[in-house]
């Protein structure tokens, strides 16, 4: 297989970003088609990025024998169904997170994938951030000894629209799900129990929509280490994404990159840039790297490093956090 | 009152440090006497620092009419009793933390202080660290808006001897007590409930002594903000003392100072100093500043900014943490 | 003009980089053709990047009526001639630095450009680095008041092959030429005189080839400020590119970006990444931004911010530095 | 000798600082007497710091048999004479820089010291700064290989009064003299030639007083390395004291320490402290360390690491810089 022929399903912001990366930066891939329920969007992207085929119905892509793999960036509620159909059609699958908010649907999708024997990679892009990846590798090779404490900070620059909050599944399934995956990734260990606290401090409208905007989860790893994750829907200074792993032989941490290296010494202060604005800026390299991994896995016939089970466990953790918040006590994660 | 005449009770490491500061760096004070149950220690310090009087029994100092104030640095189990006696003798009191491990004894000491109308300052030195103080002042004046999240990291470079661990009252009363005070200080707010987790990850001998060495406490402030404190008895890279307060308008944080500003660019890495070794190095300025505050409070007849109630509440928080660890659930702080 | 049609002349490392950027990242451009005296290189690049035309002779591109502009990345000794011919053919020109090592040839090229009324942009990529650009803008808008001192550090990770050193024109024309341009750019002022020192400290073979590998130039601006530039052909820790502008109201500086934000606290040190390896890594964004500027200038019919005169003056400064090194005294720059 | 008995001559700002350090922080020393031509100053300091003897005439101290050593902090024009007399009186000598502005007088003082066989330490305090000291030690032990480039930045927060400028000897002898010493210290090598440029950019009144306020010196070491020193009389952001040594195997640098470790993330910027205000704040530890060294040298009968010759050479470099500025060419340093 010289080039992997790709169909992209859903070309909103993130779908378009993946299409552009696949088209222009990944030599091993060729985007043959895009599909979007808003047909006009599909046509616009196809025209702009010179993609031969633009469709309204993703099934047309699944029926196209030339297409080897699909990249699913449609709305969350459609992921599981499309995964099952794509698997049956023998297409390899890259799917944005989460696979579904319903665990049964996730199981069905995973079963379909297994049955078809195709590759499934879930879009936990942060695993491919060069800094987080290096941190994880240092932990893996024992640089900090046995891990004792993990700290993950994840704060958005501003909350999503209330209309989105209402259907998002809540902060734990929509936002902290990335951090749950990061927590597992960094130590290559499962979390055995967790405890969530939080409230609505940023915007009362989020509370009225039944969600919270500020949360802390404390978690315990199977290896005995403890972790905390803190989330806020609004950090006025930009996207705040930091981690720290502390162990018996040291500590490895990752701070926020900044747009420039400029420092101003004024009569009053020392001033440097604030962090990058949001995920599109911060995870630019990560989005590209995850797609390169997906294409390489197909070409080399190996399993993606982040698959269906990872997609499922992060959702399970989200539900456990929701349950914990209500009960005000620890919730065990059973698998 | 031109100079405040001081008697220091207990001249172990910290007592000697205070004596030296009072003698050499604080122009408003004059150390008249030192006392220590190890009389030889008292004599050595007196001789070395040119203090006129060295006694075995602290009561001799309390009876000395020339002495205006005492600095209590004896072992924890003697603090409350000495406070009561010193108060009755009309001496102003600086007392190392904790006042006592027994809340009744703390109450008795506070009552004696109130009755005598003298000043009592408790040795929460970290409040006087220039960085933490500036952070707190920024929060007070609204630089970060309404606080939403507080994070305190406090890790020692190595555990104390097991013999000490056994009588220390445990990690929450011996070590995290400083962080409980810091938590209250930073927001100038009370904590209404907290939840502790932790285990023995550093040294099994600490576990055998009935204590843990790694702990995380999640806490809720009366104003609605959430906080986390993490403690470890052993950070191989030195004393790790950081804070972060995140709010609606920004974030203020304090990192670890380093011994030098040297940076090495090698063929392999960029290398800088590790943090200062331990509290003596890190809080040198803070120890001096708290004593200056004490002397100024006496001279200007005003209440110390950190008094008996602060000493009591931090111990209450320690007990709440202990209780929470056992129950695995939140514990409310009742006052 | 919807898209600017481009022909790239010379597709070695930097030519290929520009072709890739133009093809994949700059929506306003379309690469119609590439040419290289090594025809096979042209064909390979054309095939790999899906460029319709691959030629051995650049003149074929100049004759192609569909081509609006050429990007000249051939060897330095061919630049001036190709500029003249391209200008006569009415093509807009982006040319890698230097235009030529011979000032007369530079003048002829500039004259041809003026006569033809086409755009010429010279490849001083560093002007488009986001950090340097921001620093310059801060200086322009008066953030640091009147500039007094400028410091530019520019050190390569390793020397070029001796075969290249021999034909390079020497460190001042090959390497420091970028810093001469940076010096002018940062203050938007001309340098009126300069003084060069230097010697061969890195590799005796460079000395045997008649060049030096370590140099410092002190320069005076027309506005009265002083500057220093230091160059080394070998910084074992990677590409070291820093600037500092100090003025009456403050100082603005730019440090080296690093590949990741990872920090390791070990029992021995605090360790972070070394700088990026070399110009390809460091100036990735700058290479793209300069090409975007070129395309925009054509589309909007405005002069590029860095043109023929900038190309000429930097070469004049290189010759002045050479002369100064020999005379061991200041050399005035006459224009 | 249990304690070294000290007499301090001249108790202006720096003399008082040394007296305080000797009295309170250096256990091996005892300040017996202070002298000052303003007798009232001597009496005030003596009273405040509890020094037994206060004199107007320093000769009284030289005649005092109990005094082992003197610390000379009087005005520069008196240094050489007092050194000679103190040496004849058999007193060890710590003298603030410069020994004199007249090289003959320096030679006479050095001769007197040699003849008397007493210790002379010159007050180049920066050598004792923990960061610069560590940098120098790293260079000494080969961490950066063979040194190629040295960069020293030294900028004051504000110019001295014009009355002082007039008698100061000029920027090279008054201010850069410290950097000349630093240049020699860092590589443990002599400078063989130097070239100075500079002008009056900060305040025309400094120019009218016959001095400049902004200067750059380029220098060559005997080992082949090159160095630059830049000075400004006014950095609005505080005392700017940085160094960098670049060599065949890496680079070691020292930045400015800051008063606190506080970082503010605001909606606009990331803000940290500006550097410490001036030498008193920046070199607090260095002033103490140099005095400790002096006392130890006396007690252990060894030569101070910075003696009369260091004092002389730095003045020679100052004159060479003055000469170079006039001639606009390099000046060789002959010894």
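Of note:
All chains are identified by letter, namely A, B, C and D, in their written order; residue positions are counted from 1 within each chain.
One rule holds in what follows: contacts are C-beta pairs under 8 Å (C-beta built on N, C-alpha and C of every residue); 3 or more make two chains touch, one makes a residue touch a chain.
Quantities reported herein were computed from a predicted structural model and do not represent experimental measurements.
Farthest from chain D, judged by the mean position of CA atoms in each chain, is A.
Chain pairs A-D and B-D differ in how many C-beta pairs are in contact, and the one with more is B-D.
Chain A and chain D, compared by their mean Cα positions, are separated by 58 Å. The geometric centre of chain C is 43 Å away from that of chain D, both derived from CA atoms.
Rounded to a whole number, the gap between the C-alpha centres of chain B and chain D is 39 angstrom.
Shown for chain C are the residues that touch two or more other chains, namely 235-237, 240, 249-251, 265-267. Residues 146, 148-149, 151, 153, 155, 195, 197-199, 201-202, 214, 216, 218, 220, 224-226, 228, 230, 232, 234-237, 240, 246, 248-251, 328-330 of chain C are the ones touching chain D in the complex.
On chain D, the positions that touch chain A within their shared complex are 235-237, 240, 258, 265-275.
Residues of chain B touching chain D in their complex: 23-25, 27, 48, 130-131, 134-135, 138, 143-144, 249-257, 259-267.
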